[in-house]
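Below are two complexes that have chain A in common, paired first with chain B and then with chain C.
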Partner chain A sequence: MLDVSRVQKELAECNRDTAISGVSIALHDGGSDLSRLSGTISGPVATPYEGGTFQIDIRLPSGYPFEPPKMQFVTKVWHPNISSQNGAICLDILKDQWSPALTLKTALLSLQALLSAPEPDDPQDAVVAQQYLRDHQTFMATARYWTEAFARRSSVGIEEKVQKLVEMGFPEDLVRSTLESVNGDENQALEMLCSS
Partner chain B sequence: MSKRILCKFFLHGACLKGEYCEFSHDWQDQPNNICTFYQKGVCSYGNRCRYDHVKVSRQQTSRPSSLNTASHVTSDFHQVTLPPVVSLTREYNPEPSTSVDVSAMSLAHTLPCKPAWTKAFEVDTSLNDESGPCPTYVSPADQPICSFAASGKCPRGDRCPHIHGDLCSICGKHCLHPFRPDEREEHIKMCHKNNKHLEALKCSQEIECSVCLEHVLSKPTAAERKFGLLSECDHPFCISCIRNWRSNSPASGMDVNSALRACPICRKLSYFVIPSVIWYSTKEEKQEIVDSYKIKLKSIDCKYFDFGNGTCPFGTSCFYKHAYRDGRLEEVVLRHLDAEDGSTIIAKDIRFVSGFEGG
Partner chain C sequence: MDDDDYYFDESDGEYGGSSYSLEEDHGDDLNDLLVEEPIEKIWTTASVISAESLLAAQKEVLQNVMSLLLINEQQARSLLIYYRWNVQKVYDSFERKGKEPLFQEAGVVISDDRDLDILGSSTAVITCNVCFEDVAVLDATKMDCGHLFCNDCWTQNFIIRIKDGERTIRCMDTKCNAICDDVIIRNLVSRKDPCLAERFERFLLESYVEDNDNIKWCPSNPHCGNAIRVDGSNVFEVECICGFQFCFNCSLEAHSPCSCQMWKLWVQKCGDESGNTDWIIVNTKPCPKCKKLVEKNGGCNLVRCRCDQHFCWLCGGACGAEHTWSTIAGHTCNSFTQEKEMNFLAVKQRLQRYMHYFNRYMTHADSLKKENTLNENIQRKISESENKNSVIKDYSWVLDGSRQLLRSRRVLKYTYPLAFYVFGDELFKDKMTPEEKEIKQHLFEDLQQQLETNVERLSMYIEKDFYDFNDEQVMELKYQVVNLNRVVNKFCGQMYKYIEDDLLEPMKHAVHRIAPYSSGGPNMLLQPSSSSGNSGDS
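Moving on, here comes the complex of A and B:
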């Protein structure tokens, strides 16, 4: 049985200081299932991931918090410990070193720390790890390019995005809810609005 | 005679008479559990009564109600007579319907013997008329203090014929006997202990479990409102959460020794969890909780040992009692092995399997 009250508390707690921590959690696709969440972390400064916003798919097993949450990068990222193919993460606290005193927020913060401190000796993606060790410069360039290409979120504020989409002729409340469900991605929101 | 009967007030830790009590304060003695109402033929509780419904032979019932109630009020222990041989014949409720249906109050009036509470009241009023206890033969230390004042407020105030106890600064009641120093000390000691327990309980209310993120003492079911103390560190969890975590199957990918037995917060290994209703604030308090828990377990027979029929996987370090049916305790046999360097090592329970592997 999933500890619903704990998950709700965690969500409230995590989203209280999003601006400072740089991590946030929302229900997956704006649904109501507490076992499917999506997390967002901002790329740490002074790394090739700076300026990027990374989406993480979170699935809570029924034994949570006594079993670790399952986390995977949705946003493509070039990192020795994250699969460049499917976003699988190699991090001990998400496996055998999980502890029930850890939370989704601390797990996301650990991912953020992993971005700034890769562990090439314990790789998830051998190709990236090889490049990290042998040709660090190329690694840095690729990681930065991937951040620009896949993780860049326009710097425009949410209000401006809403205004832009409303000007295109969509009702305001629909625009707001759509933007929220895609975590503020303007293009994705437009796509959804057009297809609906 | 009554010195052999365990004082009921003492039993509940609330006897105001201390060593002056005419009833026994020795835990070895048995309390008198005979229902005085049943002796008179009317107990409104019937077979639900918490006291024994047994018939006591005629001569003892001469003053049945004075056994517990009146004697405590008057402290006149000459009145209390109980023959050395008490022959009790247990009756399995011959007429349960009459004793249940008829109210005790109405029937008591029709009976020649008055109920105990009326008698006690009479004694009280008679003392009132005498304007205080007779000073000729009763020393102040032998007089009981006013029980009304002791339990809060005496309606008679200054006109009360009984001695009013001094105010206990801890519980705020007039329950310290002015002429019995030992009793005073005992009460203050008890009060201190109770007070400390209450304080600890109050502080414990605020403690949150780091796993379920709830206040431990506000959990929905009573069984969950307990802390699980780890032997090696001081991080608070509720008993259900920490047990749940530690009983997690290693098949889930977690390592037993580095993760499951470790504190979820500091990852320090602890080999056992101690349940407790209060959270401690000092090392000594924790030790006290741990010790009393171990003593309690030591009095319970180990289900694995099963009076010598089974084998306990914990061996001699088991917290439970390893005793045979005849009460004999299991002998602690340490097998000494001479190590190569000349020192002696103590072998643990050597098993069949390990012998083969070693050989």
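Moving on, here comes the complex of A and C:
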């Protein structure tokens, strides 16, 4: 029996200061199941993850908050403690160091902190950890590239939007520049294209 | 003897050298003559803790720690669970580190006030940091560590932890290492789920066995409910009061002079292959790649092993996958070659070697079974003889002889798996030079053979129906039995000594330690005399 009242309170409390904290939680796919949530954290500044927005799948076991929530990155991320294959996370508070007095928000903030301060000695992804330790430059470049490629909200599905507008008969160059100017907002771009 | 190289340390690292027990209830004076110059010994003692005395035994240890450190029972228990019920370790840490760090490490918090007065009157309201609800102070509990949560949350947490089988439940606050007071846990849980509270209480009681390196449950099946405590070396054989004999180290049947590892491997091997060995030789061939035995389940002579290696069924040699019904591409084996023959012979030889040891092992195991029945009949024979009109009234020598027969039969039985491993390549490849191995094997087999001969002779005499004998014949029999008893016992002792000193010791193989020989067999334990389980002596 999931503590529904606590989860509801947590959601409200977490989303109150999203702008400052950089983390937010919503129901998964806009559904109504409180045990399936979707978290978002913004990449911390001065890290290769800066500018990225990372989606995290959250599943609450029936024993929550007495058992830790299950969290997994949906957005692909290049990080020693996060699997580059499936987004599994190696973080103590999500395992044996969980305490019922912690919240989803604190867990997400810890994930954010993990992005800033990787722990390559306790890796989830051995390949990434090796690279982090032996070839730091390549690691930084790869992490930055992955952030650009997978975690840029504006770039999500941009090709699809371009294709759609091109199919409507607009020249590709114009479509790209217009989309860029409106930060990828498809409707706004269409409006601009039509009025020009 | 260089202990450090050979014996692995147990928890304390203070023990070295072979273990030896002076707990020989059934040994006779002969023993004094047999074990000349005992090598350094650790005193290993064992005792039974029955289900009923478990609580008392635990209480005694708790009392010790409570009075030394001036703490309550819950705190003492937490501390002891952390130190795996090793009182000595608690004391050592106490002396080395002092009270505070000792408690802190184990998650024990000593607090002077647990009252909620500071929070104001009974109508005061607090916010629980787990459910985020406002609750009356009366419905909240503060642990020794000072963290306060509502009773509902505590209870739910305890229930989940207990269902997970946890014995030490820590405070719910972040990064708080403190262990919750088990009295509070039981009180809160029993309000909601009395059965679970009882289970928790049982957990705590059983922790004395489960979290204790010196105590193990008797592995008898069905379980007799007893636990065995051994102080000293873990490599020690005991007989529980339920009659079950076992090795305290691995909880399997008493198997000396085989080491625990050898015995495990042997059981596995026999389980895999026993009785089937003949069939295996006739019907299977080893895969040339993974060496696993492959059975041909039909089709042509090109066989594919599970490891994906193809090979020719006729010669057992590896080959490609391409073939017709009658030929395999690029492979012929109809002409005789020495090399292939050698290969085949090596496999056959390995199997034959195993068969040799296995057959003899089984023969002694069978004899042991029969002699066990014989042993049961002996009492009947004795009472018949005692009722006879004769001057001879003392027949204890028959019992002694019979016991010695069983004992040495066991030793013989286990020397075969031992020899299989010590002189084979599986565990000790290249540990001895071929010449060294040959000499040692020779000596060992000589000893084994002498023991075997004398055990068979003893068996023959013990089997005699002496109640039909006249006095003279009985005296003659007695002489033989007593003499053979002595001889067999001597050979057993020598055998153990030879195995320990000449076979295992020089290999510097710390894992292969064997339980010491005692003429009476595994140390038979007695019913605990008082409720005390900590006296160490049986």
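Keep this in mind: the second predicted complex is superposed on the first by the 154 of 196 C-alpha atoms of A that agree within 3 Å, B and C clash if a C-alpha of one lies under 4 Å from a C-alpha of the other, contacts with A are read in each partner's own complex, and residues count from 1 in each chain.
Definition applied: a contact is a pair of C-beta atoms (placed from the backbone, for glycine too) under 8 Å apart; a residue touches a chain by one contact, two chains touch by 3 or more.
Values in this document were obtained by computation on a predicted structure and should not be read as measured data.
For the composite obtained by overlaying on chain A, chain B and chain C cannot both be accommodated without a clash.
Of the two partner chains, neither chain B nor chain C is touched by A:A88.
Of the two partner chains, chain B and chain C are each touched by A:G63. In the superposed model, A:D96 lies in contact with chain B only, and not with chain C.
Of the two partner chains placed by the overlay, neither chain B nor chain C lies in contact with A:L193.
In the superposed model, A:V166 lies in contact with neither chain B nor chain C. Comparing the listed stretches 112-120, 364-372 or 454-462 of chain C against chain B after superposition, the clashing one is 112-120. Residues 3, 5-6, 9-10, 63, 65-67, 97, 99-102 of chain A lie at the contact with chain B in one complex and at the contact with chain C in the other. Those residues of chain B that touch chain A in the complex are listed here as 210-214, 235, 241, 244-245, 248, 252-255, 258-259, 262, 264-265, 267. Interface residues of chain C, counted against chain A in their complex, comprise 129-133, 149, 153, 156-157, 160-161, 172-176. Put simply, chain A touches chain C in their complex at residues 3, 5-6, 9-10, 63, 65-67, 97, 99-102. The touching residues of chain A, when paired with chain B in their complex, are 3, 5-6, 9-10, 63, 65-67, 95-102.
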